Amino acid sequence: MWMLENAFLIPLIPAISFVVILFFGKRFIGADRVHVVGITALGLVWVLSAVAAFQWTQRVENPPPDAIVQVQHHGDDHGDDHGDDHGDDHGDDHAAASGHSGDGHGDGHGGGHSSPLIRPVISTFSDWWSNAGVTFAVGTFVDGQTVLLLMVVASISLLVHIYSTEYVKGDRRYVHYYAFLSLFTAAMLFFVMAQNIIQLIVGWELVGVCSFALIGHWWEEKPNTDAALKAFLTNRVGDVGLLVGMIVLWGTFKTFDIDVINTLISTNPGAHHFALLVAACCLMAAVASKSGQFPLHTWLPDAMAGPTPVSALIHAATMVVAGVYMIARLYPVFYEGFSIGTSSINLMAFIGGFTALIGAGLAFAQWDIKKVLAYSTVSQLGYMVMALGVGAWTAAIFHLFTHAFFKACLFLGAGSVSHAAHHTFDMRKMGGLRKDMPHTYRTFVISSLALAGIFPFAGFWSKDEILLGSLVGQENGYPLMLIFGCAVALMTAAYMTRVIWYTFHGEYRGHGHPHESPKVMTVPLWILAGMAVLAGAFNLPGPVLEPIGLEGLAHRIQTYAEPSVYLNGLGLSHPDPSLNMALVGLALALSGILITYLYYWRRLGLHGLTERNRYARRGYTILENKYYLDHLYNDVVVETVKRPLAKWANRFNQNVLDRTVNTAGETARDVGRWVYKWIDQGAIDGSVNAAARGADSSGEGLRSIQSGKVQNYGQLLFGAAAVLAIVFVIVV
Amino acid sequence: MVAQNIFFGIISAIVVISAVRMVTTRNIVHAALYLVAVLAGLGALYVLLTAEFIATTQVLVYIGAVMVLFLFGIMLTKAPLGNVMEMTGKQWPIAIVVAALLGGVTIYSLLNRFGSDRLVTDGPIYRTADVSDEVFSTYIVPFEAVSVLLLAALIGAIVLARKD
Amino acid sequence: MLLNQFLILGAVLFSVGVYGVLARRNGVMVLMSIELMLNAVNINLVVFGVQHGVVSGQVFALFVIAVAAAEVGVGLAIVLLLYRNRTSIDVEDFDLMRG
Amino acid sequence: MEALLAFSRPALDWHALAPELTLLAFGTLITVVDIIWDDRSKRAMPTLAGIGLLASLLPILTLAVDGSERTMFGGAYVVDDFSLVLKALFLISGYVVILMSVDYIRDGDYYENEYYTLMLTSLLGMVMMSSSRDLISVFVALELLSIPAYMLAAWRKGGARSNEAGLKYYLMGVFASAVMLYGMSLVYGLAGSTAFEAIAQELGSGESNPVAILGILFILIGFAFKVSAVPFHTWAPDTYEGAPTPVTAFLAVASKTAGMVALIQLVFVAFPGRDDVVQPFFWLIAALTMTIGNLIALRQNNIVRLLAYSGVAQGGFMLVPFAVAADAPARAIEAVVIYMAIYAFMNLGAFTVVLAVARKTRSGEIDSYGGLFQYAPGLAVAMTIFLAALAGIPPAGGWFAKFGLFRALLDAGGGWAAGLGVVVAVNTVIAFAYYARILVQMWFQSVPDGDERPIAIPGSLKAALAVTIIATMAFGVLPGLVGHFGEVSVLSALGG
Amino acid sequence: MEVTGFDTWVLSLAVFLPLVGALVIMLIPKVYETELKLVALGSSLVALVVGIYIAIQFDYGAAGDLQFVVDKGWIDVINSRYIVGLDGLSLPLLLLSLVVVPLCLIYSWNHIPDPGNPKAFFVLLLILSTGMNGSFVAQDMILFFVFFEIVLLPMYFLIGVWGGEDRRYASLKFFLYTLFGSALMIISFLALFFLSKDASGELLQTFDMRVLTDAAGVGIIKSTQVWIFAGLFMGFGIKVPMFPFHTWLPDAHTQAPTVGSVILAAVLLKLGTYGFVRIAIPFLPEGAIAWAPWIGLLAVIGIIYGALGCLAQKDMKRLIAFSSVAHMGFVMLGIATLTDFGINAAVFGMIAHGLITGMLFFVAGSVKERYHTLEISRLGGLLKSAPRMGWILGFASMASLGLPGLAGFWGEFPAILSAYNPGAGLSEELFRVYMVIAAIGTVLAAGYLLWLYQRTAFGEPTEEFAGHEIADVNRDEWIAWTPFLIGIVLFGVWPNLIFNVTDDVVSGITASVEAIAAGN
């Protein structure tokens, strides 16, 4: 278990890499070779993360005695029906915290695996700071959730490092690019293994800064810097929520320690409900900004101004899931604060679902391939948040896991396309690339299928779990979330089909001759595509595996990653796998593809008809009719529903939300100018200066007393004597 | 007592009228002469108050020395003897107001405090020798100081007034 | 005789002196008016000395007379000096310095 | 005959009178030397006068060592620690003024020998003032110090401004003494004695009556004139501007201090029970003096005139403790004495710099100080120290003086005292505004005509500068030095 | 702690060595310029070495107690003594002051601003140094006052002689404001002197800060405490500067020469906040409790207001100056909560703000030197023209906006945090509102700093400077800046370096305040 206790090495390595690259890169290594440092470091990180992951699984499988929470069996009467015992368990003891282990949920846990409550590995290192006589340590907190993210971050970061050697080759700031990639990785890893909420804040902000720096990587162009600023400032707005929320947590529990906070809540659920609600609401603001949730999502599409590998790493796979990760990490807070267990709708679920919906809708209206992917990311992040909002903790993390791979693959694929197609991301200037770029095309399609949730790709499994979670919920289902989820499933498939159509099919509409990217780019694509296929295997439901006798491998993520040591105390339950739900989800995705396919295919046909007149077959009457229907569908349904809706949504997004953000900045500046001009310079400084002028002019006035004539002086002398005398004689 | 009162009345009338004339006359030499009248009248009052040495000094120093000084001053500055120069400035109303206020409050206070207190007439009478005893014992330091003062005034006045 | 007879005479003389110094433009006249004020003081001193039956009033008056003589000498010297330099003894003329 | 026999020679304590006598002797000596050697003696005169002043300090030292309080003439003349401290202060200030005068008087068209005679005479009056404890002594001392000063103000015979300065000073001085004398006559009339103790008994115990109020008020006004308190200050700017600069320094420091000394004696010895008149009077006068002095100073362009108004305002600061004379007598006396001591040096220092600079620029305009730091950094730094002291900024001495005021006010406590404290605070700020104008010229501006020749400073001026700088800084860094004198003077003044 | 031998001297040495240096320089003729500079640097470095010695000898286990105490007679007549001593509150600030001055000297080595005259410039800096050092170790109110005031004139001249266009106005304004505050402050000191009583009701009549801290305002009734506190509030609040007494600051900073701004920001402003923590609160707990809501209010107004002011600025230096108003608002908010967290954060914030804003002013000064303008609209592309400087500016901006992991965060976050649970029975609702406002202030801080950064560092250089060769950070600048940069990172990464030192003192202060609050 050495690695778990010394997990601090993992973020330390890229941090050192950052320092080395930044300060010694140019001089001692050579500006064009700094990637060696970064890749080496990331390789190490990956290995160590893998070791950590392995050790964690060992810890779960063969828990050392000190890793298991002592279970107080107050009786084995916890029935199978979760709904019942949930009510019972809120007694004066913490039976709930322990009672859900093992076979109490035999069915619910799929495969009947008994999961003891494994404590996270917490190592503290030093007195980081102290106050009021109490010292606060810095440390690492490693559990399944941590190692899962470690693996995600390390893998994708490593691949992005490799991919970038070609993608940003010859860039004006190659050194800085790699330095910040390293720093970002370090910050993200630091965030992931935060032992206390202060570390969470630190990591949270540091990744934000790296994001800022990398979005603004090409800072010579104003739009890039605007985007960087927007990203940072929007995140800052959310950070208000983060700060306040964390402070509320501190004020409630008088500790920053995540473990302590979670344990306190899970052992005594129901207490501090209001404080937790406030904290959860505040933290939701932070999540909204960092993870691109409505209404603070607008920075994320703009953030595509950064280099594409950065988008893949930061704005798709890792940083943007920080919000999701934070919710998952402090899940008891949200669970209790939003009463997820008992409600059938709550703020988090709604925001998540709504974000997923609008993200998906907006993805239709984009011509920039990266923006489509960005909105897709928004949408998928909304999915994850929604999952957390409905109590499907594992589903959310599972989706986070799968999404990281296929979305990174998509972004890198888009980068590859752009690399080939003269650095444009405008889909109108692409088309027909499948022939020139077979590897990119294939990986892109695989990832798209994964994203669309087509069996058996990774996305299918995770999305299915989310939909299932919405359907079942905890005590109540979340019907609205289910509707949102289904709609998004359909739309996702549709817009991804559109992207593929525009990018890879049809005729090439750009300049020059597109070509496949070199291996250094395609290999990472293939690795990621592989993961897009396989990642789903990490949490397969039991029924799928039973036929092949591998039910022991079912629900690995749930088993290893879920912090049941906290969640069980809350009474979190897991829904049984449902074939029907899976089929519905799949059907929706397929129909999305189909509709879009038909739509664009028809357009192709129209084009083709005029162009390929000679070899077009006759007898298209039926198809004509179909066209007519299609036309009807397109003109009536799509044009009146989809387009206007999408347009409206886009307009709302651009004109209201986005402008609000922009105008908030402008307004602040205007207010600042006004305050400065009128209040500061006018009123406050003005009054000071007026006082000075008043003194000056009264001095001038008083000089007239000094007429120079001695008899006037005499008058003053005797007059003053007389007046004083009169006054004193009368008064005294 | 009546005689003294009558004497006081006559003398004080002379003094006040002369004083007023002095500050209002347009002829500077007349003014000097009115001042002589005032000083002389006061000398008489000192006699009435049994202050013989003061009365003597009043005559000797003031009328004898100071007035001569003034007349010299008038002559040396060739002050117009007639009303060629406006003797009273334009601000005389202010001067009147100030003087009246000052006089008013003083007189009010005196009346308020001393009311109709009678002057002690049967007190000890101090002769010149008593005065000199006092000067040369208790007030020896101020006396010497006055002598220095007069010397200094003399030296300084000579320096200032002499033609270079 | 009332004490106030003398005191009020003094007060009147003093006020007249004040008027004199404030209203008269001729420097010598101003000096003469000062004498009025000082004599008013002397009346007070002497009469109070009598009232209290002490000699210090007279002594004080004596000092006042002596100092007044010195003052007059100095004052006339200054007036002469001015007259020599400015050929004027009008105190209203002397306002080179003001403000 | 009877009278002659009755006369008993007063017991004179020669030791106690030794400072005055020494001073008198040197004054006479100068006159005699002048008469005998006339112009040939010119060069020796300043030296002689200086030696005279220093020699007079010797008996003060011996008296201080002796330490016993000596009272003569039934309390009319007292030599105690308070008077010794002030006598020393007068003599040292006088010495500095003489240092300042040496070259100024020699280079200008002045009567030299008589100048020093009058200076010594005036100082004699001041020295006498600090021991006087009866009306006649105070009156004579006042005239003894004033009358030579009137003449000194007019000493530049050929200068119209100087003449005018003399006239204004003289006339206003005489007006004020007339008022004061009238007040004294009233007070005497009530008390029947000229001795302060008797007056204190009579006035302090008796119930309020208008004559007493009038008497006290008029006397205080007489001295308020001397310390140039508003509205009796009008002479000061004109006289300061017109008079020869060393004389101005003398008036601004020694003469003002003498007025303060008299006020202390009157307020604390003669009228201790009459705080109903004294405190409001000084509250009003102090507030007016500080404020108006400072405000007008803001608009001055002539440095001497600016320093004059500054002096007016400083006088106002000195008057502040009188406003709590009855509530915190010890602190008040201490505050005034400390203020006077520090003020003497810082103000004399400022005038010394003015003298030195005027040797080159021949101008009193503030603009003529432009770029002083560039060609005469020493003078600029010296002036900065003095101005900082005047403004009350540590570590230059003035802060402790202001501190003393605040201490007295807060010791007394109460709303009125605190209110006056705030007035002082505000005035401190206003004051710096015009001191800063000089600083700005010296440091921030360039030399007006580009003439950057250094200034030749004669030895005596250097000595004066050295004395004043050292004293100003020493009082600021080790305020205990001056504080000690303040403390000892309190005990005796209140005890006596 | 028994202080013996050399240790009785060290504090005085650290305080007065620069002054000795200044006196020596005064004696050296102007023409020996290098010698002058060496003496100046040498004396300040020796003082720094003494400071380091102090830091090493300091007993961190007893950081709450005064150490190296020297108690000698000074002004006996007013019972004021020369008492210097050092505890955990003073130590970091003293070191900050000791470090900043030599760095400023190095920075100025070859960049004496117009109109030159290094002799006077260095003398003033050294005198300034003595005043600052002294203020942080003085344990007698009068001594404190003297040191507090000593800094005024040198700074006045630094601004007035070596400042920008409008230097006369700015310097005078700086001076008059501060003078007014200190005049009221001394009144309050005296009131403390006369009114403080010990536990048995005896009048103390002392200026000894140790005694007055122990007395904790016992025997002064609340209404009086409120008034006295008001005086102190003016004195210290103007120095901080708190809204609405801040208007001298932008002018002073804008006009001051670079090192003047740096010292002003790094150390001088801290005198005010230090005064609150060292004097106002412990001496007058009840007054502090009564004033705390108002201080908190002004602090959060300052935070928002300073930020808005920044957004309106067209001049880089003025913007940084306004940011000081906002940052000191956080410090004051921390103090106003009267909690350990808040006051510790405030002390941390002082150091952090000193380093960060000092750094920003350094950069601004160097930019001004190179571009001869600080008008934001004329700048641009600093990262391109002088990449290292651009980096440093970015780094300092990030630190300034409170990025976790850098020093600024530790001043801000615990201060905001402390407002959640204010001490001494203060209204929680009110302070929680303050907390939220302060948190919003962090957004604005990011806004103006990034906006500044975008306009100055990003993009291409403006046409005006496109062809110009802009020198990057030179050797002097590296030497002067590196300690700042290291400090920002070091304290950001390991804040306990400061918290650990200050916590004991602060706990003592808040404990007494709490005790008073509990007694009511």
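General remarks:
Just so it is clear, A, B, C, D and E label the chains in written order, and each chain counts residues from 1 on its own.
Definition applied: contacts are C-beta pairs under 8 Å (C-beta built on N, C-alpha and C of every residue); 3 or more make two chains touch, one makes a residue touch a chain.
Since the structure is predicted, the reported quantities are computational estimates derived from the model, not experimental observations.
Separation of chain D from chain E in touch steps, taking the shortest path, is 1.
Ranking every chain by how far its Cα centroid lies from the centroid of chain A, the top place goes to B. Looking at contact counts per chain pair, the maximum sits at B-C.
When every chain is reduced to the mean of its C-alpha atoms, the one closest to the centre of the whole protein set is E. With every chain reduced to the mean of its CA atoms, the largest distance from chain E is reached by B.
For this pair, chain A with chain E, the centres built from the Cα atoms lie 39 Å apart. Once the centre of each chain is set as its mean CA position, chain A and chain B turn out to be 104 Å apart. A separation of 25 Å divides the Cα centre of chain C from that of chain D. The distance from the centre of chain B to the centre of chain C, each centre being the mean of the chain's C-alpha atoms, comes to 7 Å. Counting partner chains per residue, chain E has residues 176 touching two or more of them. Touching two or more other chains at once are residues 692, 703, 706, 708, 710-712, 714-715, 718, 721, 725, 729 of chain A.
Shown for chain B are the residues that touch two or more other chains, namely 89, 91, 94-95, 98-99, 102, 105-106, 108-110, 114, 130, 138-139, 142, 146, 149, 153, 156-157, 160. By the definition of touch given earlier, these chain pairs are in contact: A-B, A-C, A-D, A-E, B-C, B-D, C-D, D-E.
Residues of chain A touching chain C in their complex: 703, 706-711, 714-715, 718. In the complex of the two chains, the chain C residues touching chain B come out as 1-9, 11-20, 22-29, 31-33, 35-36, 39, 42-43, 46-47, 49-53, 55-59, 61-63, 65-74, 76-81, 83-84, 89-90, 92. Chain C makes touch with chain A in their complex at residues 18, 21-23, 25, 91-92, 94-99. Against chain C, in their complex, chain D makes its touches with residues 135-136, 139-140, 143, 147, 150-151, 154, 157-158, 160-161, 163-168, 170-171, 174-175, 177-178, 181-182, 184-186, 188-189, 192-194, 237-238, 241-242, 299-300, 305.
Remark: chain D residues 334, 373, 377, 384, 388, 391-395, 399-400, 402-403, 406-407, 409-411, 413, 418, 421-422, 424-426, 428-429, 432-433, 436, 439-440, 443-444, 476, 478-480, 483-484, 486-487 touch chain E in the complex.
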